[in-house]
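One chain, subunit A, links the two complexes that follow: it is found with subunit B in the first and with subunit C in the second.
Let's turn to the complex of A and B:
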């Protein structure tokens, strides 16, 4: 077993339904020119009412009026395919979209990373459920065999010795060839795949388009090249609504799905996202753009959503929204936080990263900033503000107050000296030489302050900060 | 209130290359000025600076204590101070062991090397920021009754607390505590130069050397008033008690010459006469002239008077080896004035023919041993070195080192780099020095090269370069010059 095929039997419908809140309402997708509209796909509820593919829209409407009619959107499907490929790329560096309604990925090498195939398969299924795509999964020695077997099996894993048996038994109709190809084989008297595989290769080459020969060759175990998926470097995804959404609360669900897709995408690239835009489209107004930036790359869907939602809370939309899209061009590498093995978060407590982003969302981007330390003995130069946190903070060698004044001010409060003096004489090389004696003092009000006087003097004192 | 007396027991001179930022003369001048009773020069694993320190101490009337600072490879940082001759010998031995155990320019001293130290060597334990009590225990076991815990306070965030904790630790370990300064330069104003040296040593710029720079300029020879404000009086008094014990002076040192050069039945005097007479017959087959004979007798008498026979015998031994091996060699300098040297084959010019003054070579008035320079054939010099090592043993033969100092060009390069100038600017400044060849490049040359002589950064570069070159010591470099001791 070196390849897995994930077949999406309800790809189009799942692609639409996953963008909507869960509902038991029938849904049918329509396609075709205006004068010959037909049903392209239906959900379970619609199927239960007798709707099915290729039914004319009139016939379908005759069966039920209580149904959501959705225009089939080929480009949306393609985006979903790209999303799934990006997701699969997180598990394997060889992913192909060469087959319709399915993706294949190399698993031989990934098993070392993700554990034995049953565990690996379970994980794939769990994540696909989260993504909202129903699926069938089959593993086989090559991609074509996996794809072929997925037509009739789910959860099957076939090794090389059993392969020809498993494939050979399949009826030609189940192989997944185009209908005319299937029909041609049938006319030739070939009903099962073992007959097709035993047929003279030249004959197939002469009668059928090249991809049919490729397919048969691959089933016979010959090596056939497969076009591989390459992940794009930016993320863009749009969701259009049937009706206008007026309340921001109504945007929560689509936003959750889009952000989830973004997280899936960046995770698959083993990267993160630090900045993205949410674009709200209106009918008669220019789009509203919400910039979401974080201090550090992030890829956790919940955290990304948390940040986006807090920004959304503060946003006033000028008009109802017809579509939402997320654009992320800046996809930096992700540096995982170093988690403590024995970390205990009280239930419901925010992680620091969440708190930070929430504060930024509430207070404004400029009010919350990262910090960088420089090894300079002058306290005002020992740290600086930094918009984005890129590197871990080096510990300060000395006791320094957590809160420092931008500019020291005269300190007049009554106090007693706790520690000091700590003498700082530094900075001659940049023309800003300081010579100060620092004292840690306690004011009568109980505050612990950091004050200094000129080197060797006992006053006047300048206040430079407070200890927490 | 009268101020406590004080002796500084931990002080580096510029011979601790790129660490000490003052020369001995400056240090002793300052020590005299602030009324120290004694000053220990404790360069890191080196005694290279003590001759100049000795001279400066004599000049300024402040007693010199000889010592050295070591960071043990597997143990504490320690300052060893010399009490007497035995202690001095032991310290020399430790430095030799440590230097021989490492690459040139570094050293490696381990606990195993520090054994059987004589009573004449005292130890000051310099605990790290977080003291390791085990270090103190080990050191006090190796230096029983003569190990102290050095408390070095430099206006840190909580000097009082540190002092209290270290005193408690000393008490626990049964050690006495003493104040020390970890001095790196003589006055506060040297801070900038020290920062520059620190940056150069760590191959970075001053601005980036934060982690290595000292936070302030307290590591200078502080006034006794300043010290009294920092240290309890008993810690200061203890410095004097230690200083009192360290009475060793370089003046006590005497040459001891190899004994094996004199055959049984002879004294150095009789053997030198024997060799000289033998040589005289070879040099003057018809007998020496009367003038030459007079010279020989006069010289031998003076040599005997000053006990220099063994020195001449040693030189003769090496020259004789070279001649036997057919290695070209020739003595030069004032030795050419000596009839004995001519007879021994050390020099090639008959002194009775040129009539120079022997007193330029040796005299009773000049109280220092003679110095005979001999040039050996370059390609075969190594043979002579090996002969010396083999004949006298590796532990009795050594190469002398010379301490090279910063000259203008290398100084301006290092300073400009340390102050963050770009590589091409560093090169340009160095070439200006070439053109001008004095310590401070002329403004016109600077302008020509595109620098603004009034720019603060250029002023800093020139000022620091001038200060650095004034130190005139630095990197150890070996000059192959065998000295048998």
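Let's turn to the complex of A and C:
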């Protein structure tokens, strides 16, 4: 077992349904030109009402009227394929999308990392269920055998010795040949693949196009190069709704799906995301863009969603939303936080950076800041708010109040002077000239206040701070 | 009664009230920096992993200087301190002069409900050493949430409230009343022991 094939039997429908809240309504996808619309794929509920692929739309509508009709979108399907490839890339460096509705990945070397195949397979299935795609998984010594066996089997693992037997038992109809080839084999009386393989090669080479023999050879293990998937360096995903969403709560489900996809994507490339944009598209207005930024790269879906939701809480949308997309250009490497093995952490513990992230997301970037001293004699300029931490500068040696009023107010309380005046005279060079005499006073209530008057005068006093 | 709890541990954690002068405290003590106050409190300092209330008649009575030694010690240990919804700007030079490592201090401005949310998040996260907040008319339930959050996150929570709140009961483990004339601090409540009968003098205002 060196290759696994994951086949998606209901790829198109799953791709649509995973974007919608779970429901039991029938759903049918339509395709074809306007004059000859046919059903492309249906979900289980629709199949139960008799709908099936290639049915004309008139016939389908005659069978049931209570059904969601969705236009089949090939580009959406391609995006889903890319997503799944990106996901699989997290398990194996060799992933290929060479087959239409399936992806194959090399597992021989991954097993060393992810454990024996049954455990590995269980994990793949679990994550695929989370992603919302129904699937069949088969492992075999080569990619072609895995792909072909997946046509009829699910959960099969074949080793090299049993390979020819397992392939030989396959009916020709399930071997993945073109319909006319299958029919020709059947008419020749060859119903199983072992009969085909036993037939003289020259005969088959003469009667059939060359790719038929190539396919059979590849099944038996002849090495054929596969085009491998290379993960892109940016992430972009869009989700369109068939109705307008007016409430923010209604955006939660699509957002969760998109953020989940983003997390899957960055995790697979062993990176993180530091900044991404959520774009809400409206019908008649320009799109609303929500910037989500974090202090450090993150890749945990729940955390990303947490931050995005807090930002969303503060966002006012000017119109109902038609589509949501997520764009992430900046995908830096992810450095996992280093923790002490013996450190005791209560449940739900966050690192301080994560905590600050959460506060900033909910309250706004400017509302959460640090503090630092600055070199300036003027009290208003002797401190700075800074958002990021850095080294504090040396402070002034004089007594300064613990609290400062942002705007000084007139000081009227009865008081006695404890200390003063302290002359502050500075700033003549930058136009913000300050000439004040500062006093430390005690009010009758016992407050110790920092007040000032124009230089040389004993009043009126302005209150500038408290010594608390 | 699934878990077996050692008796001395229960006694040490002050979850049992014994009504007499407490034995001296454990390694988890959080000294206030005011020796007389430490001596009067059952934990030899702030109740660890709990909410403490500081009641003041007005701002500027030395309520912050009561905390500064603690904040200086915590920040020097590298533990972050969050100041949520302060009534004025915390003035960096003074805090620096008091020995607080400014790079560990984060200031958060928020309206009343968000301030409570932020305080709870900070306390619960177990990432903070101490959280200072100035809630406006907090409900008993809101304070109880903060108390539970401090226990969960092993953080020191400080709530500053006006003097008139002294008459109402509070879930805080320690309640201090800062009085102006003369500058003294009175213990209104301390979990696990009787509040000391006398108020404790605070250092008078002095120039640094």
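Note that the second predicted complex is superposed on the first by the 328 of 468 C-alpha atoms of A that agree within 3 Å, B and C clash if a C-alpha of one lies under 4 Å from a C-alpha of the other, contacts with A are read in each partner's own complex, and residues count from 1 in each chain.
Here is the rule we go by: contacts are C-beta pairs under 8 Å (C-beta built on N, C-alpha and C of every residue); 3 or more make two chains touch, one makes a residue touch a chain.
Note that this is a predicted model, so its numbers are computed, not measured.
> After the superposition on A, what does A:399 contact: first (subunit B), second (subunit C), both or neither?
both
> Counting residues of subunit A touched by each partner, does subunit B or subunit C come out ahead?
Comparing subunit B with subunit C, the partner touching more subunit A residues is C.
> Which partner chains sit in contact with A:371 here, subunit B, subunit C, both or neither? Use first/second/both/neither.
second
> Just subunit B (first), just subunit C (second), both, or neither: which does A:429 touch?
In the superposition, A:429 touches subunit B alone.
> Between subunit B (first) and subunit C (second), which, if any, makes contact with A:182: first, second, both or neither?
neither
> If we overlay the two complexes on their shared chain A, which of subunit B and subunit C does A:437 touch? Say first, second, both or neither.
In the superposition, A:437 contacts subunit B only.
> Looking at the overlay, what does A:383 touch: subunit B (first), subunit C (second), both, or neither?
second
> Would you sort A:64 into first (subunit B), second (subunit C), both or neither based on which partner it touches?
neither
> Could you say whether A:419 touches subunit B, subunit C, both of them, or neither, answering first, second, both or neither?
After superposing on A, A:419 lies in contact with both subunit B and subunit C.
> Touching subunit B in one complex and subunit C in the other: list those residues of subunit A.
The overlap between the subunit B and subunit C interfaces on subunit A comprises residues 374, 397-399, 419, 440.
> What residues on subunit A touch subunit B, complex-wise?
For this pair, the touching residues of subunit A are 374-377, 397-399, 419-426, 428-431, 437-438, 440.
> What part of subunit C is in contact with subunit A in the complex they form?
57-65, 80, 86-98, 101-110, 114, 117-118, 121-122, 124-128, 152-154, 180-181, 183, 205, 207-208
> Would you mind writing out the residues of subunit B in touch with subunit A in their complex?
Subunit B residues touching subunit A: 154-158, 160-161, 188, 191-192, 195, 206-208, 210-211, 213, 215-218, 419, 456, 460.
> Quick check on the complex: what are the subunit A residues that touch subunit C?
Touch list, subunit A to subunit C: 345-346, 348-352, 354-356, 358-359, 362-363, 367-374, 379, 382-385, 389-392, 395-406, 418-419, 440, 442-443, 445-449, 465-468.
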